[in-house]
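Structures incoming, each one as structure tokens.
Shared between the two complexes below is chain A, which has chain B as its partner in the first and chain C in the second.
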Partner chain A sequence: MRLPRYIMVILNIYALMLAGIMIWPVIQMMLTSVTSDVVFPPRNFSLAAFERVLWDGFFKSMGVSLQLGLWSTLLLIAICLPAAYALERKRFPGRSLLGAVIFVPNIFPSITYVIAIGVYVAIYFIGLRGEFPIIVVATAMGAIPLVVRTIQGSLATTDEVYEEAALVMGANPLRTFFKITLPLIAPGVITAATIAFTFSATNFLAPWILGAKEPPVAVYIYRDVERLGFTPQLAVQVLVMEFIILGIIQALYLIFRKQFRGVFA
Partner chain B sequence: MANVRINELVKRFDQVFAVDHVSVEIPEGSLTAILGPSGCGKTTLLRCIAGLAMPDSGQIFIGEKDVTRLEPFKRNLGMVFQRPSMFPHMTAFENIAWGLRLRNWPKRDVAPRVHEMLQLVHLDGMENRTARQLSGGQAQRVVIARALAPEPDLLLLDEPLSALDAKLRDELILEIAEIHRKTGCTTILVTHDQGEAFTIADNVLLMNAGRIEQQGAPIDIYQNPRTLFSATFIGTNNFLPGVVLEGGSEVVVRIEALDIIFRTQSSWKEFEPGDLVWVCMRADDIDIISEDRASSYRNTIQVGVDHASLTGGIVIIEGRLADQPLRIHVGGSQRFNLLDSAGKTIVCGLSHIALIPREDGRQASNNGAVSSLLTTTPLERH
Partner chain C sequence: MGITEHVDRVDRRLSAHPVPLKERFQIWRQRYGETALLLSPLLLYMGLVFAVPILFQIAFGFYSRELYRGVLWRPVPDFTLENFARAFNPEEVYIDSLVWTVGVAFFTSALSISLSLPVAYFLARYNPFGKSLIELSFLLPVFGEIFTLFALAYAFAPQGPVNWLLMGLGLIQEPVRFIGSPLVVIIWMSVPTLSVLLIRSALVGVDVIYEEAAQTMGANAFQTFRKVTIPLAKRGIMGALLLSVSSGVGIFTLPLVLVGPYNNWLGNKIHREVTPFFNYPMASALGVILTAVSVIFLYLYLRTQEGGEDR
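Let's turn to the complex of A and B:
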């Protein structure tokens, strides 16, 4: 159905407006960081905000975030890869129950879910509250549904026939998984890992509610807001955080680009 | 190379019997086709032999070994699937080599064997290509090579040509026959295509609704169907309900509705007087003859012609035997003479009649004709 030209133009403008609204906060932040000002259009150019940031504290919390991201991602892949495989490839009693339960963290509002974890920790692990391992586990739990879904999606679109062929050829299930299945679902697993990393490194709720002793970057920035209100330094901190995280993701895709050969063909 | 013995095999999916107490022997070195309509259980049976499906009861023996509950990777088989199964992340060479390494072939024997197999399937020079760089037919040939490389006991093919186009199918089925001749490996081919099965198999298992209807050489099944299903699934048949008057070496059958007597031999069953039978006349085995040649046939009939149509290689005559509809295929260079025979009566000699046991009241209809041209006339009992 060919639409009249003016409608196409209106739709284009509408789409651009939507895109603009969504990207606006990022643009405003970038402007604020180099103007030390929060109004638009920008009034003056000033890098004062960069100097006012307490870089020591900031990079320390960035370090915590990156570690949080790393350990949480490893934990998530270790748990969700077998879970996704079992859910997608195997039939077993309780399969539909497991499939439903896995999505619980998404059904409840995140804050409720994290508070529930906090209560549980307070009762059974009273001495460990706020310790790094607890934060890692709590953060990871929130991302389980997303990671399982991503990997399961990759499995669903990979034909089972390759695994059956490998079995008949003489490969036991473990060998089949590592030599045939995993290489074929690699794009999905890597994508799931980058999603897990981004989610975990920038997570706010779990570390904040559970009182992380070593605050990751999102909590650190929030505490700044609590102390000082909205200042231009915030923009600088958020932008630096994003650049570092995105840089790591890009590096991952660069390292693993061979696995994505043919995916975008 | 080994034979296969299956004993009372049962495989259920919920309440449905996919394989319903199947007992059969597949001879060593044969090219056996498991033939049947969709849903008859042939793929399930093959997967039980492969170990990809576990039967509910019964036994499967490959050679002397009871493999019924054995995992597929311990069975030493080669399998080709309906869907493309060449590993996409490996080259043709790696696909075949991996199978050899899995079976612990000595390193120095791997490369020569891979090249030998690629030559067998006419793909030498293509060893560094991946599935993306090969056509569907070439990829299937790699899979065949991969299956045969480790010298398996059996080669299993699950409708290997379904995903390919028609011309490729014709080529590849003959290649499979050639490979079977060269390797001598016991081969089991599952297909719904009667032409495929009859072209290359020396042993056919005809399956229907989880059971084996008939087993034998293609010509045996063709000429001597033992059930209504066998007679209707293969080719085109005409059926007349009859009663046996005399049994013995020459069976005499009377068609009551038409008051005609037929005489024939029954090679597989002793019929008794009073037995109810279907008299089966294949459309291709009804010869149009002139009056003076009638005496050289044991059975002749007069057929009134309604239509004669040309399909190219054969002429199809739709006619009547008294008021019973009849279908005749005429080949040969004289067939064109029949194109204007509508309204006339022709004399037909029946070169071969088959007898099938009949249950009272049952109707015969061709409910699965594989012939690409025709549906057989359903005949009704008066």
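Let's turn to the complex of A and C:
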């Protein structure tokens, strides 16, 4: 429909304003990390907060986070890859039901199922409370829908004829999968892995509620908030956390650059 | 008709002659054995880590409790509705918390969707200045919850940019303490973010022809939008609202960090039942209630989406 010009201008300004609100967190974090107090407009620029990060237990908890990310990613790929293959390529009764069940971890509020896991562990396996494997399996749960759907989408756009050709030539199903299917869907699997990694490595809810004995970085930072309030030092920690995790993902893309040829080009 | 259906039909015709159980199992294994093997890791994992704790949570909700070593309330397998009765008892704190959680989720979702309507329409129909920037900005929450959370905390600090802006505009005389009050959570939940994308896809589905017809008949832009576009996109808008409420009731981390552990959101109440009070049956009953509320809104969302394109 035709809108008067002044309405168009107002709407455009409104849209840009919303975009500004969405972009603001990034600017805010960068500003806060280079000042010594949280004041706007910024004054008292200093890099003191960066020094403090180094002598805290920050890098130790960063290591825990990276381990958490790595193990959850491996777990998620190991269980979601075959499931996504079955959902996409096989026909079986209850297929659409299973497709819906996959989404249950996103439908249920994550706080309630994490509490359910916590209570269950506290009552029946009190010795395992806060142990690393429990944290990994509980954290990974929330990423299942995303990982399965990403791999499934990648499988859906890959033609089945190549697999059939390999099977006709006498390759067994396992060999066909590793030699034909997996290279074809590699971009999807790597994307799913990066989603799983970012999700798990920055996850706060599961490690915190389950009382992780070795706190991942998100929990470590929150403990500082409880103790000190929101100081600029914490902005530095959050920024460093994001840089390390996004850096690892960037490195992954560079390593697997070959697989992505023709996907993004 | 696929081969599987054909085999099924033949099977059914043959079933007049009973097939021995062992043979039936062999047929099943031949047909679905590989699929079952592929699905078993996921089903095992979701069963052990998700379904079993959730089932126990439902069971614990109906258990009565006993004090164990003077520290924690342990669930005892003895059927009682006491936990649910307490949850809905107006003299206890829980029903108040439930009403607050659902009320805030509903209010903020409605506000966020009303605020996103004009911009979503604009993005759906026109090519605004800085379109790629606007669209990119709505994908920015990839940084994760923690990042947004801290940015919010600094933005709403007593001397932060929000207070600076409000004071500059002359709306307030002295800085408002946002951190520690539920206001900051309510404001952030009301900011149209994901809802813009949802509403835009609903509005794209409305054919321009109807709007043009209304304009030809002499309606002005606002009338057209209110009387033609919105009713035609009603289903998508309702869907976005219900989806937003469904995820809004499960909010936990945002109020925990920005308001503090002693806030009124039900998620935090549940966690408090677990950590300082060790009242596992009560926590389980509240968890069941919160999940039920969330699932009800999601069910309503699915109801609005079914029926396809023909209506």
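We take it that the second predicted complex is superposed on the first by the 243 of 265 C-alpha atoms of A that agree within 3 Å, B and C clash if a C-alpha of one lies under 4 Å from a C-alpha of the other, contacts with A are read in each partner's own complex, and residues count from 1 in each chain.
Going forward, contacts are C-beta pairs under 8 Å (C-beta built on N, C-alpha and C of every residue); 3 or more make two chains touch, one makes a residue touch a chain.
For clarity, every value in this text was computed on a predicted model and none was experimentally measured.
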Touching partner for A:A171 - first (chain B), second (chain C), both, neither: first
Which superposed partner A:G118 touches (first chain B, second chain C, both, neither): second
Touched partner set for A:I144, first chain B, second chain C, both or neither: second
Touched chain A residues, chain B compared with chain C: C
Contacts of A:Y162 with chain B and chain C, given as first, second, both or neither: first
Chain B versus chain C as contact partner of A:I180, first or second or both or neither: first
Touched partner set for A:A192, first chain B, second chain C, both or neither: neither
Chain C to chain A touching residues, read off their complex: 2, 4, 32, 34-35, 37-39, 41-42, 45-46, 49-50, 52-54, 56-57, 60, 74-75, 118-119, 121-123, 125-126, 128-130, 133-134, 137-138, 140-148, 150-155, 157, 159-161, 163-164, 179, 191-193, 196, 208, 211-212, 214-215, 221, 224-225, 246-247, 249-250, 252-253, 257, 267, 270-271, 274, 280, 283-284, 287-288, 290-291, 294-295, 298
For the chain A and chain C complex, residues of the former touching the latter: 1-4, 7-8, 11-12, 14-16, 18-26, 28-29, 32, 37-41, 75, 78-80, 82-83, 85-86, 90-92, 98, 101, 104-105, 107-113, 115-120, 122-123, 137-138, 141, 144, 148, 173, 198, 202, 204-205, 209, 218, 221-222, 225, 230, 234-235, 238, 241-242
Touching residues on chain A, where the partner in the complex is chain B: 159, 161-162, 164-172, 175, 179-180, 183-184, 262, 265
In the complex, chain B residues that touch chain A: 50-52, 71-79, 81, 83-85, 87-89, 98-99, 102-103, 132, 143, 146-147, 150, 156
